[in-house]
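Several structures are given next for inspection.
Both complexes shown next keep subunit A, but they swap its partner, so subunit B is in the first and subunit C is in the second.
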Partner chain A sequence: MKRIWAWGALTFGLLYFFLPLIGMTNFSLKMRRGEYSFDAYARVLADPKFQETFGFSVMMALFTILFGIFLIVPTAYWVRLKMPGLRPYIEFVTLLPLVIPAIVIVFGYIRLYNTSSWLPLTGTTTGTNLLLMFGYATLALPYMYRAVDTGLRTIDVTTLTEAAQSLGAGWITILSRIILPNVLVAVLSGAFLTFAIVIGEFTMAALLNRPAFGPYMQLLGANRAYEPAALAVIAFGITWACMGLIQLVTRFSKHTRAQR
Partner chain B sequence: MQSDKTSVPAATVTMPVRTRRTLPLNWLGVLPFAIFVTLFLIMPTMKIVVGAFQTPDGSLTLDNIRGLFTPSIMAAYWISIKISLASAILGCIIGFGVSAAVVLGGLPQWIRGPLLTFSGVASNFAGVPLAFAFLATLGPVGILTVFLKTQLGLDLRLLGFNLLSFWGLTLTYLFFQIPLMVLIITPALDGLKREWREAAEILGASGPQYWRMVAFPILFPSLLGTLALLFANAFGAVATAIALTGSSLNIVPILLFAQIRGDVLGDPHLGYALAFGMIVITGIANTLYIWLRARSERWLK
Partner chain C sequence: MAFLDIKNLEKVFGQNRVVKDFNLAIEKGEFISLLGPSGCGKTTVLRMVAGFETSSSGAILIDGKDVVSKRPNQRNIGMVFQAYALFPNLTVAQNVGFGLKVKGIAGSEADNRVAEMLKLIGLPDLGNRYPFQLSGGQQQRVALARALAPKPQVLLLDEPLSALDAKIRVSLREEIRMIQQQLGITTVFVTHDQEEALSISDRIVVMNGGRADQIGTPFDIYNRPSTRFVASFVGTLNLIEAKVIDPAANRISIGDQAITLKEPLGAAKVGDTISLALRPEAGSIVEGANGDTALVGQVMTSNFLGSVIRTRMKVGTAVISFDMFNSPGLTPPSVGETVTLRFTASDLLIIRE
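Let's look at the complex of A and B:
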């Protein structure tokens, strides 16, 4: 009896998730009348706007990840090593982007960094791109910080640092050759999650008027029938790949640790 | 002062002078982070919060907040709250059902891993593509709509269902709400100890009694906390709503989006107040979540 209920609940859940996925896949294949074809995909992939916006978003994601690593790994390391009393406060701050909606943050950016302000970032294209990257880094902050901090918890930061120092290593060597390789798995999971978030982000890019993938998808959705479904399949594939990679690096790290 | 504590074992005995000298420099290590957070998180938010209480020439006022209490803006908040609440409650119930089925329902163990991975993917699959997926499924020519009409003779539109409505948006939000619930509640269900159930049975409790008097009170803070989190999650969602409905549904994020784009309210400071209202609502929901989570950890550690 209990098992029947359990199967029922699971089936309902699975149906809820697979129906939209089947729906979008099916729809994306129906561009040619009466038969299944990959026309919608071909049309999307050949669209120069697609290549342009997708390339832009990939670049933004990579820069955001690099910036996030440079900002968060040293900070999380330093807090663990020298100022553990600060941890609860930092953790609280890193959770704020989950509390304050992205649309509010970007609204603040527009008002704070417009052309007539003390730091006119929105005045130039590079400045706006920079601002967008900072925005993405803010959105990714909760995930990135948590991932790195969890990674640091599994290693003995103090001992490693002291050992490196007694061998004559400076801070940069310690960070890049001791700490980073040790938390690489955690950093990579944070990075893939950041990638998944940035690649489809809509609100910030749209309001800062940057040609990113999210606004492109929305525009296409408002004007076309079959292409959006193909885009949704592609976007789902990217999310799936990012999550799969996180699982993969985590599993990989477990194996290397078990062998030791 | 903190650095004294951490570096004491090695340094106190031999060279206390050196620890004292490096003390003030410790702050430099978190300086880049502090600057980043101040510039791109705290200051923009403060700008909005302060702006909500200012007139265009900079003096303090409550008029902007009062301006929120007009019928059209109140209606926008109300429908936003209704959608967020409905999708959070349904997400909690369904997510709990799925999670309980896997953890306690005696299903094969191998289902668990894939389910959690899939939940991770689905809870991150929000935004514009999600709207497309639902349009292709429940839209006017969606696969489910067509199937129901041709095979079962059920015309969803005649039944009054429209994807661009309260229920349509709620159903769409559920796609990321349910997996989020599964991700959060599964560890909590794992924390229910076998011994508690056995102890209850020895004392003569029936299944429902065990659930009502032991398991549910223990899970209650996490359930309520997750409800608050899901609420905030739905309340801040912009992209899905815009891609799904354009601007036909008057919810707060869409209204704010239009306001930032083109000042539709005709008063920039009313826009600040609108955004401030969003922060207050998601802030309350998240505070509830954090507080209740701390409570639930007492038992479920």
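Let's look at the complex of A and C:
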């Protein structure tokens, strides 16, 4: 009897998840009247705007991930090592981006760093991109911090640090050769979430007027019928590819298997 | 001059004085154990030597140089932890070679040193394994090799055997001692296990409440404990209350039986109560046993412990335990029996706090 309920729940969940996907995929293939075709996909992929914005967003995502790693791994490590009492507060701060709308952040940025301010970052393309990256990093903070902190929990940070110190290692060596490699798998799951956030983000990119993928999807969705569906399927494909990659990385990281 | 010299070391955590006026001079190549119950400050002393904890006051000299102001990674000290603390992302060989790499030693020189270390710990073929593929005993050996590879001036071990099975604990402690003697490295070994400390140390520091109660060879510590604490912590010991009868003649009484001590009573007056210590193995009830002193008592319990039989007897209000070696021809004393315990007066120690 219990079995039947479990299977029922599973079936319901799968239907709930897959039916819209199937419907969307089906629709995206119907651009040509009366038969299935990949016309919508061809249109999307051939659009120079798609290539341009997608390329831009991927680059932004990569920089955001790198910046996030450099910012968050040392911070989370330091908090665990030296100020464990502060952890609840730091955690609270990292959760703020979930509560504060992105539009508030971006308006704050524009107010602070406009062309007539003390640091006119919005005056140049590079400066604006930098601002956008900071914004993305803020949005990704809750996920990234949590992922890294979880990774740090699996190792004995204090003792490993002391062991490395007694062998003569300084902070850079400890972070790069001991801490980072041990939290890499956790960092990657955070990185994947960051990637997904950056690819889909609309508000910041639009208000800072950067040619990102989010505004492009929005534009396409507002003006076309079949292409947005194709685009969504493509986005899903990318997401799943990322997840597969993480699985692979986890599988191949030799030292983390089945320890304690 | 001592190679590792700890002078007037103090550590205060908030209101809590955890290490108090700790003094210890260790010769080059010596193996010293810090022995004491949990919480007595052993780890804190070790961590101050390693540099992980800053001392509140006092000096720590290694080879004549004060290291107090140096950071842990500048001290050239090898450390072995209870929890092994191997780097999980590195292979055994990379773990052992870590300190060399940090020092800028690379290539065949580093490879040779790593191979030499792995041979020293008896695991020459496990260089490519990861820590999680090793047993606890093997991991701790690797941790030892890792600490020794960069040729530290001093080796510190904080209860390195506590996480291991009893059997491995005994074999590994002997191995640690052998390697230590082979390399002639100055070593401080922290433990709460008296048997461990007695079996492998050149000298033992018995710690009590942040202080060094007594520093001496295992033989000294065991046979001539200088405080009540050392006497009760190291080995099993009878603490006997006695009354002074005649201080000038060293006469005291236990129960109603008067005996003469070897040790002078000093300033004690008639009627004073003093504490005496007697090891269970110091006396015998066998007919014709040696000894210039005898106490008569009633057997309370008699426990067969395998190689020895431990008997407790009552002398007045005092309870004294004594051991005898088991042998097939022996009849164990029965409860209620009156027996005569013979021992040498010099085995009866006066415990002055």
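Here is the rule we use: the second predicted complex is superposed on the first by the 223 of 260 C-alpha atoms of A that agree within 3 Å, B and C clash if a C-alpha of one lies under 4 Å from a C-alpha of the other, contacts with A are read in each partner's own complex, and residues count from 1 in each chain.
Throughout what follows, a residue touches a chain if its C-beta (ideal position, glycine included) is under 8 Å from a C-beta of that chain, and two chains touch if they have at least 3 such contacts.
Remember, it's a predicted structure, so these values are computed and weren't measured experimentally.
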item: Subunit B versus subunit C as contact partner of A:Asp156, first or second or both or neither; value: second
item: Partner touching more residues of subunit A, whether subunit B or subunit C; value: B
item: First (subunit B), second (subunit C), both or neither touched by A:Ala6; value: first
item: Which of subunit B and subunit C A:Phe252 touches, first, second, both or neither; value: neither
item: Touched partner set for A:Gly168, first subunit B, second subunit C, both or neither; value: second
item: Subunit B versus subunit C as contact partner of A:Tyr36, first or second or both or neither; value: neither
item: Which superposed partner A:Ile178 touches (first subunit B, second subunit C, both, neither); value: second
item: Set intersection of subunit A contacts, subunit C complex versus subunit B complex; value: 162
item: Residues of subunit A defined as touching subunit B within the complex; value: 2-3, 5-10, 12-13, 16-17, 19-24, 26-28, 71-72, 74-75, 78-79, 81-86, 90, 93, 95-112, 134-135, 137-138, 141, 158, 162, 193, 196-197, 200-203, 206-207, 214, 217-218, 221-222, 228-229, 231-232, 235-236, 239-240, 242-244, 246-247
item: Interface residues, subunit C side, partner subunit A - complex; value: 50-52, 71-79, 81, 83, 85-90, 98-99, 102-103, 130-132, 143, 146-147, 150
item: Residue numbers on subunit A that touch subunit C, as the complex places them; value: 155-156, 159-160, 162-170, 173, 177-178, 181-182, 254-260
item: Interfacial residue positions of subunit B with respect to subunit A in the complex; value: 1-3, 5-7, 10, 26, 29-30, 32-33, 36-37, 39-41, 43-48, 51, 94, 97-98, 100-102, 104-107, 111, 115, 117-118, 120-122, 124-125, 127-138, 142-144, 174-175, 178-179, 182, 232, 235-236, 238-239, 242-243, 246, 253, 256-257, 260-261, 271, 275, 278-279, 282-283, 286
